[in-house]
Amino acid sequence: MPPAHPFDDDKLKEECGIYGVIGVADAANFVALGLHALQHRGQEAGGIVCHHPDHGFNNARRFGYVRDNFTDQNLMATLPGPLAIGHVRYSTAGGKAPVIRDVQPFFGEFSMGGAAVAHNGNITNADALRRELIERGSIFQSNSDSECIIHLMARSLQKTIPDRMEDALRRVEGAFSVVAMTRTKLIGVRDPLGVRPLVLGQIGDGWVLSSETCALDIIGARYVREVEPGEMVVITDQGVESRRPFRKQPSRFCIFEHVYFSRPDSIIGGRSVYETRRQIGIELAKESPVDADLVCPVPDSGTPAAIGFSHESGIPYAMGIIRNQYMGRTFIEPTEQIRNMGVRLKLNVNRALIEGKRVILVDDSVVRGTTSRKIKEMILDAGAKEVHFRIASPPTAWPCFYGVDTPEREKLLAATMSEEEMRDHLQVDSLRFISLDGLYRAVGEAEGRNAKCPQYCDACFSGEYPVAPSDQIEKGFTLKAAE
Amino acid sequence: MPPAHPFDDDKLKEECGIYGVIGVADAANFVALGLHALQHRGQEAGGIVCHHPDHGFNNARRFGYVRDNFTDQNLMATLPGPLAIGHVRYSTAGGKAPVIRDVQPFFGEFSMGGAAVAHNGNITNADALRRELIERGSIFQSNSDSECIIHLMARSLQKTIPDRMEDALRRVEGAFSVVAMTRTKLIGVRDPLGVRPLVLGQIGDGWVLSSETCALDIIGARYVREVEPGEMVVITDQGVESRRPFRKQPSRFCIFEHVYFSRPDSIIGGRSVYETRRQIGIELAKESPVDADLVCPVPDSGTPAAIGFSHESGIPYAMGIIRNQYMGRTFIEPTEQIRNMGVRLKLNVNRALIEGKRVILVDDSVVRGTTSRKIKEMILDAGAKEVHFRIASPPTAWPCFYGVDTPEREKLLAATMSEEEMRDHLQVDSLRFISLDGLYRAVGEAEGRNAKCPQYCDACFSGEYPVAPSDQIEKGFTLKAAE
Amino acid sequence: MPPAHPFDDDKLKEECGIYGVIGVADAANFVALGLHALQHRGQEAGGIVCHHPDHGFNNARRFGYVRDNFTDQNLMATLPGPLAIGHVRYSTAGGKAPVIRDVQPFFGEFSMGGAAVAHNGNITNADALRRELIERGSIFQSNSDSECIIHLMARSLQKTIPDRMEDALRRVEGAFSVVAMTRTKLIGVRDPLGVRPLVLGQIGDGWVLSSETCALDIIGARYVREVEPGEMVVITDQGVESRRPFRKQPSRFCIFEHVYFSRPDSIIGGRSVYETRRQIGIELAKESPVDADLVCPVPDSGTPAAIGFSHESGIPYAMGIIRNQYMGRTFIEPTEQIRNMGVRLKLNVNRALIEGKRVILVDDSVVRGTTSRKIKEMILDAGAKEVHFRIASPPTAWPCFYGVDTPEREKLLAATMSEEEMRDHLQVDSLRFISLDGLYRAVGEAEGRNAKCPQYCDACFSGEYPVAPSDQIEKGFTLKAAE
Amino acid sequence: MPPAHPFDDDKLKEECGIYGVIGVADAANFVALGLHALQHRGQEAGGIVCHHPDHGFNNARRFGYVRDNFTDQNLMATLPGPLAIGHVRYSTAGGKAPVIRDVQPFFGEFSMGGAAVAHNGNITNADALRRELIERGSIFQSNSDSECIIHLMARSLQKTIPDRMEDALRRVEGAFSVVAMTRTKLIGVRDPLGVRPLVLGQIGDGWVLSSETCALDIIGARYVREVEPGEMVVITDQGVESRRPFRKQPSRFCIFEHVYFSRPDSIIGGRSVYETRRQIGIELAKESPVDADLVCPVPDSGTPAAIGFSHESGIPYAMGIIRNQYMGRTFIEPTEQIRNMGVRLKLNVNRALIEGKRVILVDDSVVRGTTSRKIKEMILDAGAKEVHFRIASPPTAWPCFYGVDTPEREKLLAATMSEEEMRDHLQVDSLRFISLDGLYRAVGEAEGRNAKCPQYCDACFSGEYPVAPSDQIEKGFTLKAAE
């Protein structure tokens, strides 16, 4: 399976995209399109569950891209009905071979009828919940923490599925956006902090729930509003009912959605993601200017910030690194080893452009630092005179436990090195990250970060976790010492 | 199979990429990498032939991407030896289902041993040659015009394979770059006009032939020189022998390789393709300036020209159109028809950026005009105030018969309309193409086009065919009237 | 998937074979061999679960033949360990497309560790159990009645898995042979009546459980004894422990296992199945002699009875009908319809042998009668002078609810017609079934059937069901009126 | 791919079956059925070529069984038209991996139109012909000796395809039955000796050519006559034209077709193959009687001879060896080696029947003797008191060069041992082969073999080759010394 980004192995990875549609003919076709637009949020596998009054619930789960599976006419014909939900995921099961029964949505038959649930985020007390449920006789089919939700629902004594879901989600800690369905209802929920995104759209007489607005655009749906942190929406052919199952809290949306996860053509909180990233480039150019000949993005995710940096600095923007469009499986390396083959397969330097130049490279983040190093070498091999890195996020020093795949803390370059040490390690002429305040300004907080009550979840930068990661703490993870 | 470009159905398409390696262990692995880097020249199918002293000739031909086939360890293990050639192709068989026996390289057993041949270009007298060969008892296995070459070789009375190839190619009219191999020799040839590209590289003690330099970079090979128009190079472990089988003529390289076919990180005639395209944007901005708020490329092929246009005009460069990275097979459209679904699947407008703006869209070419129209509508739907198209090539008014897939003449928008009529047809605020002289200046001809003896093949723009397309004329094609 | 017998659509079908091995290296390989030998008991799908101390539980479930799936070295390498169980099944889900999650063994994670269960038979109160379990919060993953067992186990309050299994099986009504495993135990159970078979074997220091002895032979295991009706055996590296979870009852083994289901090289109750069938032929020849020229089996299942009939009657045995060895998927019939194509694909008449002869055809059973009719026509078309059917079982007049796929009662020819009416319907010169007493004699009951307390389950012939089919009665099935 | 017979590796193997139909709608569907009935003549691959007036020639070639490929509705829809031929083959390419371009029929485009050719047999001067054709400029696509025929046709100066085929076949030595087609003609030819079979049938207004009559039966075609040795039939909608391209010779039909290759329900020369084999059993019982308790066939090919032996000797016939119906790919043997696993997978002994008995085993032939030995051990392990082998053919002491796959001479048991030595080698109580005269009597030659001018080709028994195997002699094969 081709990775989403050229250095996928050195990026944080969003783990899921969720989508649901009600009130249109052949809802599963819309869901397939929506999941396709959310493919950057999870490339490993995808699943769709749908319901038709005559044919009941049907589902399909497949490894691989949405476009390679859910475009098959024979398959889509098995997914009829006006109501469907879907899920794309990136695997979180460290090292294990993926298994199809881990692919969401999960389905359960209850005494009042069936329900399906798809989840984006991470349940931080899933281990404890799973132990308790097994003790009481539940049989788990998957290794996914998300399966807890459907078992908690199966055991709830409430009479309706939305009520059972409220019951279940009140037992769950962590970050979650959920899309669920019964025979007649489409349900969306965001956790009280609203860490993961979820938006509401309208298409004709039907309604859509989606992780991002770009997946409303693809089907021509109109953006209505975000599902609010702590809100549950229950949508039927009577319209949208809003519930508030949780105690109210100040919200803490994931700031990394702005930096990298979301697509540049999505809109979050009324702001264009592209424009936010361009603003990050402008802030970076203000905070850390440098005299140079060219501003080059590390493709493709560094592009908007590089455009902003070029605009603010007046240094010309150029495509110094060209990405091979046909990336994919790993080639067998010829026996005579070629240095950096891994990178050359995906990227090539525009040698004629770079030679003799002082080059500013704009990238979105530094995780392990392995690819930054390779790119620097490619650029120097091509004859660059100077290489300056400008990074569109603060140093990533802490793992995320809210639905993002991060390396263990000791593998994060910024967990063990200062900015200056990282520069030495990467052997570049300069290396600068945007400041945390600069990032907050770029996302629209003119005053920067409110240290008392941060406006966003920025735990990966700050180590301040808005929800205690209890399963991890039990396994030995040490929180940042209070200052 | 995913298309290479978002509007593949409205682009001219290069039909082939060729590659060969000699003098390294496991040459087929290098060829796989090289073909991967040439994938933009042909996405339908690929083939590799190799030779090993103990295992003889082996081959594999597959539909689909190089990365999906030639990364399989089991397959590659069947392709041993220090000498291999390969081919990627885009189908030219109008409407017919592709058949694997049309996939090159073609192989023939001669009395002095076997030989394999891969061809980029088009043989303009192939129909006549085929008729003659069948009459004399040859049995064709494919529908490809390129198979003529190997049958002509089989019937040559010469004693060596290079001599037989000279014999064969002297009977052939049209445009051709050829890579061929025997048990011990790697052979490269360009037709006398040098219409199609072919370059020579070196890796360790081995040698490489490739359609483009980007495929030397991927394996870390050093660029040596271009194979010259009319030259045959015969490479053995003794080195490179240069032959001149044809009468000398002024060269006529395909100018569209600069505009669109070649990868931006390739180098042609000492010039960076990226830089040439940026210069086209500069020329366009000089020739056809317009007052506007943003310069946006039609991704991805319009990007370098848009950067040049922005640089010259001082109008900010912006990514107004975002390309979905996971394009591919056609989705099943939901029953409630959605306008422009085809385009939305692949592209999305950055609505927040475009709204209320005067937008310059830079595209590489206009063929049928169908997608230009759809993009204009997307931009207007997103609230743009004005839409100005700037095209990085002159109007495409004539079909190519030299190895490029073009629609029939009557389907080319520029064959039936003036620039002004096209503007009306597309309903945009302005539409300007670069002039033919401007294009020649951008590729480095300071004086522009030499009308007496044009420096390039520009038949698709000018209708002046450097080699008479005899099969086509027999079928009724009418050449441009002499002026 | 090729059917097991040429007229599969007109046969009763055994629904499952089960197998388990403990105490050998790579137990899954033995299970694959065993399931291959039991393939005649279920051709639709197969599954294996295994356990390795280091690698935990692993499983594979596949549609299709054992030989087509469980011979793949890559697959088998994922199934390590000294303990494994497996299952082959014929689908029972009337009309529905088969789904892989219905394929056994079923697995559950309990608080004391995991367990897997494979089942041959049918649970006659499964509907009621399922409703109750869902009401209490269990989530079913399959449509199989067998899944009830593992959910009942999950909810048991017992401390060990064998104890939980006793708990579960005491709630279950119907016919069942079960093979199950934990991390360290192989478990086998037969229901109190012992309707379905299960035998115990030994191989080296290891132990084997199998539906039939032929699957001991294939791996060279030594036959030890049958698991007794109502017995549970729990096998560890300490040896075999025998438990008696149920109240003692007189046994009622399925007599049709002798007639058709079991393989002729298996041994049941100390008797060779082949020899029993030959004895049926001898009984038939005694009960219903007829003057004729040839005795021909309907291949392959009628062969031993035909040999016995020939031996007793002195009429020569001959292969009048030849079976095509390569049966399989349905061919597309040429547009000019050919009568009886369905049968000709699988069988052909030995015309030269049959012509002008009086032929006795020996078949194992008559279900719908559709194929008996076709065979009669083939034989007459080939020029036979007379056709006499001799059937190696009594008229099949009642459906089986104990793990055998039978048509609804009204589709059974013998449910609506007398023997004479059937003869008229089939238009043959004579038609005779073995008597129920004759069948009992052939299986070794010298006195015939004990009407007060029949020695076998013969419900399909007699309508006397040893366990009330409660789910069926709830759905409207009418038992035979008491006489 | 499952083998045809349980000991395929120790049998002579017929290499091809051929089939053709003209004058019916969707002829390819009939050909698929015919090839299915001929599957025993070649299991490795199959191919069909057809012609439709509007759609021209189409073809499909596939590895694997006919039933697994040519039952796919999508595939068959690509094979329209009233005229089609087909081929099934067993690979002859010793050791090499099979390649699809070796699969027949072969197709060639000539100046007067296309033709396809399928061949059963072997061309004994193919090496010399191939060398000559390559020298003159023909390009071979396959490794098959049969491809010579189509190249010879391509180079013929004759004006019609039947005339060109006469030209070509006159150059060819060896044994061949050919089915060929043009746009309007179905053509059948047998070599002058008529070594390989070919029969003519009629279905409605259409005509059929087939290797055996059993493949007429499957489509309901009426048997008309055999194509005669040395005859060419050219069938159009005007009827059947008979030609005689070769000099007349006494015929030499392959006697092994009676013994093993042909299906028992086929008719050869007016005789039922089943009946011939039963007669062989009768001859055997007369020639080599033995006192014993049971006559058991080695399934399935020994069955008719065993029935005959039992009938003649009065010793009861019994199924002492049971064949597993679901043979196929090789299973992974468990690490604890089990002796004779290879055989147990396919066969099992009916232990209860055999124990303490004196057993006569009837097999069709002994080639290497490897499996005879294994079967003997199985029988003794099961407790047999005595084992007597009776073989339904004379000792196989010479390889066949006329289209049958035989081991090299030194691997044939009978090439190096006398009958008595073989008995010792196999360690059985007795071993007897039918005499060559006895075999001739069984096939209907009351006087036995005519040593001066044998009525059949029996080279594999006698070493008397009716056509000199010239390619083999060139490679060093030594003919039997004249006596």
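As written, the chains take the letters A, B, C and D, and residue 1 is the first residue of each chain.
Everything that follows uses one rule, which is that contacts are C-beta pairs under 8 Å (C-beta built on N, C-alpha and C of every residue); 3 or more make two chains touch, one makes a residue touch a chain.
Chain by chain, the UniProt names read as follows: A, B, C, D = Amidophosphoribosyltransferase.
What you see is a predicted model; the values in this text were computed from it and never measured.
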| item | value |
| --- | --- |
| Joint neighbours of chain D and chain B, given as chain labels | none |
| Shared interface partners, meaning chains that touch chain A and chain C | none |
| Which listed pair, A-C, A-B or C-D, duplicates the contacts of B-D in over half of its pairs | A-C |
| Equivalent-chain rotation between chain D and chain A, CA atoms, steps of 5 degrees | 180 |
| Same vs different contact residues, chain C with chain D, by half of numbers used | same |
| Relative to chain C, chain with the most remote C-alpha centre | B |
| Chain B and chain C, separation of their C-alpha mean positions in angstrom | 63 |
| Chain centre separation (chain A, chain B; CA means) in Å | 37 |
| Residues of chain A touching at least two other chains | none |
| Chain-level touch network, classified as line, ring, star, complete or other | ring |
| All chain pairs that touch each other | A-B, A-C, B-D, C-D |
| In the complex, chain C residues that touch chain A | 101, 108-111, 134-135, 137-141, 150-151, 154-155 |
| Chain B contact footprint on chain A (complex, rising order) | 2, 4, 24-27, 29-30, 32-33, 36-37, 39-40, 43, 65-68, 70-71, 73, 76, 203-204, 214, 217-220, 263-265, 267, 271-272, 274-275, 300, 303-304, 307, 310-311, 316-319, 322, 324-336, 338-339, 341, 344-345, 348-353 |
